[in-house]
Structures are given as C-alpha cells and as structure tokens.
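What follows is one structure encoded as structure tokens, with my remarks underneath.
By written order: A, B and C. Residues from 1 in each chain.
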Amino acid sequence: MKDTLMRYVVKLVRQALVASIWLSFLTLPIMVIRVDTIEQTVTWRWMHLAYMAVGSFVLALAWYAMMDRRDRGQAKKDLETVERVSALSQFLSDPRFAKPLMAFGFLVAAAFPWFFSLYQTNILVSAMIYVVLGLGLNITVGLAGLLDLGYVAFYAVGAYTYALLNHHFHLGFWAVLPLGAVLGAFFGILLGFPVLRLRGDYLAIVTLGFGQIIRLVLENWGDFSYGPSGISNIDRPGLFGINYSVEQATTYIYYIMLALVILTIFVTARLKDSRIGRAWLALREDEIACQAMGIDNTRAKLMAFALGATLAGLMGVVFAAKTTFINPASFTFMESAMILAIVVLGGMGSVLGVILGAFMLMLLPEYLRAFSEYRMLIFGATMVLIMVFRPEGLVRAKRKVYKINVEAAG
Amino acid sequence: MKAKWFVTVLAVALAGMLAVGCGEKKEEKKAEAPKQEAPAAAKKLVLGVAGAQSGDLASYGLPSVNAAKLVAKEWNAKGGVNGMMVEVLPMDDQCKPELATNAATKLVSEKVSLVIGHICSGATKAALPIYKDAKVVVMSPSATSTELTQSGSYPNFFRTISYDLIQGNAAANFATGVLKVKKIAVIHDKGDYGKGFAESGQKSIEEGKLAKVVMFEGITPGGVDYSAVIQKIKASGADCVLFGGYYPEASKIVVQMHKKGLKIAFITDDGVKDDTFIKLAGVDAEGVYATGPQILADNEVFKKAAAEHEKEFGSAPGSFFAQGYAAAQTLLNAVAKAGSTDYDKVVAALRSEYVETPVGKIKFDAKGDAEGVSFSVYQVKDGKYVLVK
Amino acid sequence: MEYFLQLFLGGLSRGSVYALIALGYTMVYGIIELINFAHGEIYMIGAFMGLIVAGVLTSLGWPALSILAIALIVAVLYSAAYGYTVEKIAYKPLRSAPRLAPLISAIGMSILLQNYIMLTQTPDFLPFPRLIPELAFMDRFSNYLGTSDMFIIVTSLVVMIALTLFIKFTRMGKAMRATAQNRKMAMLVGVNVDQVISVTFIIGSSLAAVGGVLIGAHVGQINFAIGFLAGIKAFTAAVLGGIGSIPGAMLGGLVLGWTESFATGYISSDYEDVFAFLLLVVILIFRPAGLLGKQRAQKV
C-alpha cells in the first residue's frame, strides 16, 4: 500500500518536473527578454525564469493530481449503468428540505442590502442582471441548442430603448420596461428569420455578425444614438417621483432585480417542462427527428430566439437605469462571449447552474481586485480549469423523469 | 458525488467571499469611528486610481497608476501628507461603463475621498454620479469629453487635460490660420475621444469659412490596412488631414499615407502627442503636427518624473503619464493645503493653489478645467516634438 | 478606373492579411470543429517572438534579411510549441466533453494568454522593426502596392497551395481528412487521432506565427491585444469561405478584404465592417455552408 503510494507520488513529481521544464522553456523568451527596438537595447530578466520554474512545478503537480482524480472518477462513472444521485442532490430535490432552504435563501437575499455595503449591493445587482441574461441565453443555447454569439445585441436594444426614450421624451423606467422587452423580442424574430436554415457554427458566425452590426450602427449613427460618446444622465427608476440618493436607488434596483430574477427563474423552470420546452429539447437533440415528430421547427426556433431576446431587452432597460450612462463599448462581442461562458460554465440547460455561473463569472473579477493586475490572468485560468475539470458545467442539467405507474394503468 | 462536492465548495467559497467583504466593511466602520476624534494621527491617505488597467485599453490607464505611485512615494519620503502616509489603490474598469460603476462604488465603500480617473470619458460619465453623491473629488488625466466640465453638472470633477472643444479649435485654427490650407479631410477613430476632437475641429473649420471640410470619416481602430481611406483622401483632393484619435492608428495612417505618396499636412491631437507615436511611425513621423499642453518636453518636473519612472519601473512612461502625475500632485497638494480630506476644503484648495506640474503651473477654474495649461501646436522634427512658434 | 484599381489592390493586400491568419484557423477548425479563440493569441505570440528575436539580433548587429529569416524560424518553432501546449492543456482533456466546453476554455485561454503577454512584456504598443526590405523595382507601383503587401500576398498564396497539396497528397493529410470526416471511424481504421490533432495544431500555430511576423513587419506595430480582432476576422473569413476548406479560407479572406476596401472607397469607412458582416449574412443565407464549403445533405 505504502509502496504504491510512493510510486504514485514519484510518478506525479516526475510528470510535474517535465511539465515545469517544458513550460519554463516555452515562456523563456517572453518572460526573460524585453527588447526596445528603437534604442536597440535588450533587458534580460533571469529572475522571472526562476519564478516560472517554481510556479509551474507547483501548478503542474496540482494539475496532474487533479487530472488523475478526474480520470479515475470518469472510469468509475463509465462502469456504472445507473446514474448515481448524490445525497446532496437528493436532499435538494426533496420538497421537505428544498422549500425551507429556498425560503432561507430568499430571506438572506432580501436582507442583503441592509447588511452589506453599497459596493456589495451594486455588484450583486450586476451579477443578477447576468443571471437573467444567462437564463435568457440558456433558452436559446441550452434548451434549443442554437449557438448565439450575438446575444448582447438584444441587451443593447433594451438599453438604448430606455436611454433614448428617457433622453428625448423623459419616459420613466416602468413605462419603458415592457417596451424594452417587446423590442427585444422583435429583434429576436428579426434575427431569427434569416438564420432558420443555418446550423451549428454557421449560425454562430451570423449571430456574431448581427451583434457586431448592431454595435457598429450604434457607434456610427451619431444622430440617432449619440455615437461613441454615449448617453449620460439616464434617470434611475423612480417611484411616485421621489428622488433617491445613489445608495437608496441601488437598493431599490436591487429589489427590482431580485423580483425579476425570481420571476425569470420561475418562468424558465416552467418553460423547460412545458410543451414548447420539450420541443426545444427535441430540436437540440436532432432537428430532423424533431420535425418528424410533428413539431413545427420554425416556430420553435423563432420562439427560442424571441424569448431569449425578450429577457435580454428587459435587462438592457435595467442596465441603462442602473449605470445611468451607456455607450456602445458595453456591448462588444466579449460581452456575448461572457454570457455564453456563464451558460456553459454553469451547466447548459440547468437553471441552478446558470445562476451559479453568473455569480461566479461576475463576482470573481470583482473579488479578485485584490490581485490588481493579475486579476484577468487568474480569471482566464479559472475558466480553463473549470471547463477541464467540469466539462458539463458546474451543475449538470437534469432531465425531468416521467414516471408511469404501469400497474395502475393496466 | 464529486459533482455535488464541487458545488458545495463553490457555494461555501462564495459565501466566504461575501463574508470577507462584509468583514472588511465592518472593520472600516470601526476604523472610521475614531477618525473624527483624532484627526491625522499616523493614518493613511488612500488615493484611488481608476481606469483601464487590463484589456485592450490598458496602455492608457496603467501609466497613471505608476504616476500616482511615484508622487505618493515622493510625499511619503517627506513624511506623508499632513502626517498621513499616502497609499495608492488601483481600480480597474477596462474603460467599460458598468465596470466603472463597480469600481466607483468599491472606492466609495472603502471611504476613499480622492480619485484619479477615470481614463475614458464614457467610464467617467458612468462613475461620476456615484462619486458626486459620496462627495469624492475626482480628477481625470485623460477624459476629454467637453460636457464633463462645461455642462456644470459635476462639481466634484476636475481634469489635467484640456477638452475636445479647445483642442479641436486649436487644431482647426492652426490649419486654416497658419498653414492656410483650403481643403481638409477630417478623420477619426470612431472612439469617444477621437470623434469628439474631430467633430469640434470640423465645426470650427466650417464656422471659420476659411477652408472646406472635404471628407469626414471614421476608421476602424486596430485595422491592419488603411489604404482604402487613404486613396479616398487622395481622390478628395485634400491638402491637409485632421486626425482625431490615438497614436497607434495615427502612426499607421501616416506611414501608409507616405507609402502611397500622399505627403500632405497631418494635424492631430493630444492623444498622438506622445513619444510612442514617433517611435511607432519612425521617419514618417517627421513633420506631423499635434496639439498639446505647452511646456511638456522641456518641463523640469516632467523630466524629473520621467527619470524617476525609468528608475522605478525600468521603462519610459506611457500615455497620460504627465497628466496623471499632475493629477496626483495637485490632489495631494490640495489635501496638504486644506489640512484635511474634507470635500469643500479640498475643492477650494484645488481652485486656489497653483502647483508646478509636468503640464505647467496649474490650478483649476470653477468648472474643473485646469488653468495655466497653455495650448499650442507641436511638430515632429528630428524625432522630437518641437513647439511651433 | 485608377481609383478602382487602387481600391482593388488595397483590398487584395488587406484580404491576404486576413487569409494568412484564416488559413491556420480553418485547418484547426475543420478538423476538430472548434472555434479556436486562442488562435489569434498564438498569432500575437508569434509576432512578439519575432519582435524579441529581431530586437536581440539587431542589438548584435546582424544584417536585416537574416534577421527576418531567423525571426520567422524562431517564431514558428515557439508558436508551434505554444499551440501544442495549449491544445494539451485546454482542449485535449475536453475531447469527449459537450461541444461548447472547449469553446469556453478557448475563450479562457485567450484571456489568459493576452494577460500573460501584457504582464510580462508591456501593455503599450511596440514598434515592430521593418524587417521586409523595400525592393527598388516596386517603387513605381508604390501608389498601388508596397513591397510588404506583395510579400504577404505571395506568402499567403504559397501557403495556401502548399497546404492544399499537403492535405491532398501526404499520408498525414489523408489522416487529417479522415479525422475531420469522422473521428471515431478514423480511430477504428488505425489513425492516431491524438497525433493528427497535435500536428494540426502545430501546423496551424506555425502559420499563425508566419502571419504574426509578416503582418507585424507590414503594419509596423504590435501589442498584446492585436490577436483578438485578427481572430474574429480570420474566423469570419474561414466561415465565409467554407469551414475546413483551405482555398475557401483564402477566398473568404479576399472577399472580406475587397468588401471592406470598396465599402470604404465608394460609400464610407464608417460602415466598412457593417458591410462586411452584411455580406457574410447574405452569403450564408444563400450558401449556408460558405462559398467553397461542401453542401452536405442532412442525414435522416
């Protein structure tokens, strides 16, 4: 026993050593040399190599150990025919426990702004916006399997709807909120029509193009959208004409968002098990079989685009009201990629997963602020690591199991 | 099993993070309480520096952080500001409005009362209402949108750079008055800064009626090839190009213009009046005009600051370093003169006390723009920006 | 007419730049069906390697042409090593994972590599030495095309032809095609799929490095963020031409370049990208598998 452990450790160390040497070699020129091509001077920074060697050795050790665990887990899973249900998930799905747990969670969420600082509340509002965006994209990508890389366009539509209407006609937040949703849906269908025939990555690039077109138009059509300088002084949501301070307004938006998040969770959870939800799942698995089953593919696809876009439009309005300033820089392709990462990282199709994913991807960079310039480096590495070690996402989506009681029927 | 285990750990970690955030806040509250009783007793003065510190615009934001660090070091070596040690707190916003509001609320929650930033006008506009509410003095080294100061809606905002309107006018007047060109092609980089400059330049030219704007177009930043737009300038018969934007695009355009045999006057803005531009464009930079604050190159304070930067960070300072340095200097000086970080006193000191900075001897006017920054036109001669007399 | 010709040749040069990056992109893409967002970053690393080698050699006083050659070789070797490593870390463990998982890990890798270069080198723009010598006989065409434009056009053409031949006639190429068609079947008939994918990444990354050094020298400046935009353009060009089709990537790049050039010349450069993407949408609506892609019938 002791012997095998020793052998295992030796193997790990050897692997890590090789990896560390390779990585040190790989990063050598970039880590060590810095050139100034004008002054023609070269700076050598050999200390960096030492850091890299030690750092990569430790990381490689952890990597191989985790890889081993993962592969063993995978092998075990392959042997089992029945999917194991862990105690925790059983516990979570049992209504006796789940309901009080949810109630507790709600209470914590409701009390949050009273105990935490403005900053905490503020970033939580951002995170909640992304929860809803994630859930919206989850409909298109996670349920219906349509890869949308231009989702942020609908978000922009919502945000500009509120910003422009507020700027020109002083329309309030509550009046524009449904309007933003409707316009979002309209643009969703607008995009949906031409891409009905496309599949997979061709669909992805067209949606990407659509997202870029919307942003470029906002950037260049200055008379309409005020171009890159954006629209400032957008009103925060009001209630019977009371003026709030920033802190109060943030708390107010926090509760609005909390309500919207709960509503969205409820709606998407119900949608998933509904007729159209099952149609989407069928569409995702196999388009042709789905059609053969008598499902109207066109309608199902358009519905998926429209519903996803509706939520994005809704969130755009909240976003504009929250930041009080918008410009096209907030709606880049990277934003779409982040929302997609939320969905995939959290677990495609899983509501809980998307929520976790959104919190993780939005809050992680904020809490990593302590690392200042290394922040995004760690963030990128985390994304890779999560995907490698949990390729299905943080929470694996569960399909609803319909139990038929044979004896009773017979 | 492992799956659920992972999620649990994650949830606990998130909860832990929240708890830490909460804990921090409580500590601060504790720390804040005795503040009123014993002012300035071995305390620290936190100087927030917000702006793009990662992402593709990081090169415009990081130099200000370095500048703030250098100024802080200088004060600390002298025993701090009123006995308070200066600490620099960088806050990244990637020039995105939503991240700017996060950065701003973070700084406000940490009770920071002085902020250098933000870098981009858009991010600044998004963050300012939060600072205004919390009475934080904000000074940007690089946000040039005219309305930030001229609209009068942000009394807590100052800047050490002059704004689009002045720059655009200066460039346009130089083109029509000194160079006496007749047909001007106005090009910008579609960005907040570049387009703002280009639009005020265009307006000024059209109002002056001495020259005609034959072309007004935006180019895509980050492009590899601008030959199409250059051929278009050529076809328009322009005898001068007015460019609004930053040095990477400016250098590409100048180089490609010369390659295509188009050698007409090139007038541009403060974002190009940077030594990196000359490095990037090489010999093609010769003869390019750029507007900018006057005494920059032969300013003693700047020379000293640049030397310090070389010593401390091992490289030459980057964009908006001088402006960031000036912002840090004036803010800390104002606190020293005011005797506390009290908002009204600091603002009053900023408006009344002249400070020797890399951008000149400056104080601020009622709207928040720097006084004493005289604006002039420079031309690249023998690899250096030289003042055009 | 002269104006048209200028725009045409400008578009050709621009399109070749896109094509040069898209060629490597489409290879990886065709074989493992992964939108490799990190490809742009490998291109950027190639450019940085070229810059570093050029910087060191210039300070030692080497002649310009040998610097270009050595910079290219070193950049290719290192970028290939980077591509290989990235594949081993971020994609290989995800072979059997759901389709979108590698996409996200590619985005993570792209963020990681960008910040790695930003932190270890500089966030600023760096001037790239003009490694491509100006040829005297090109002077009279300078109004249309420069030497470096010619260099890039020729390189991308050569690379396209070489790649096509490689894939068509070598054993490895055959294995690649097999892997692209059906990975499991290829495995069954004895293709070492892991090796094929590694080689694909190595070739793709080498091409990215060639692009990085040449385009760096052509444009004259680089920084850590250039890979992202290049990656998007290359992706667009690759899809426009038809995924996995080598001549398609070339054609896609050129069409993209021409569209942008003519849109700028005859309409406005404000909307050049809008026209490029509109064209993409229109082409894909009428030819859903790209210009040269095979229109596969759906299995029933």
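Convention: a contact is a pair of C-beta atoms (placed from the backbone, for glycine too) under 8 Å apart; a residue touches a chain by one contact, two chains touch by 3 or more.
Just so we're clear, the structure is a prediction, and the values are computed from it rather than from any experiment.
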item	value
Innermost chain, taking as reference the mean of every protein Cα atom displayed	A
Highest-count interface - the chain pair sharing the most C-beta contacts	A-C
Intercentroid distance (Cα basis), chain C paired with chain A, Å	28
Euclidean distance of C-alpha centroids - chain B vs chain C, Å	34
Whole-Å gap between the CA centroids of chain A and chain B	32
Where chain C touches two or more other chains at once, by residue number	115, 122, 127, 270, 273
Of all residues in chain B, the ones touching two or more other chains	54-55, 62, 190, 218, 279
Per-residue multi-chain contacts in chain A, two or more chains	38, 220, 373, 376
Interfacial residue positions of chain A with respect to chain B in the complex	38, 43, 69, 73, 84, 86-89, 115-120, 122-123, 126, 219-220, 222, 227-230, 232-233, 245-247, 250, 319, 322-327, 329-330, 356, 359-360, 363, 366-367, 369, 372-373, 375-376, 390, 394-396
Chain A residues within the chain C interface of the complex	22-23, 25-27, 29-31, 33-38, 40-42, 48, 67, 70, 141, 147, 194-195, 197-202, 204-206, 208-210, 212-213, 216-217, 220, 287-288, 333, 337, 340-341, 344-345, 348, 373-374, 376-377, 379-384, 387-388, 391-393
In the complex, chain C residues that touch chain B	3, 6-7, 10-11, 13-14, 17, 115, 118, 122-125, 127, 130, 142-143, 146, 215, 218-221, 223, 225-226, 228-230, 257, 260-262, 264-265, 268-270, 272-273
Chain B - residues contacting chain A, complex	1-8, 10-11, 14, 17-18, 20-22, 25, 53-55, 62, 90-92, 95-98, 100-102, 105-106, 108-110, 120-122, 125-126, 129-130, 133-134, 145, 147, 153, 190-192, 195-196, 218, 279, 314
Complex contacts: residues of chain C adjacent to chain A	29, 33, 35, 37, 45, 48-49, 51-56, 58-59, 74, 78, 81-82, 85, 89-90, 93-94, 96-98, 100-105, 107-117, 119-122, 126-129, 232, 235-236, 239, 243, 270-271, 273-274, 277-278, 280-281, 284-285, 288-290, 298-300
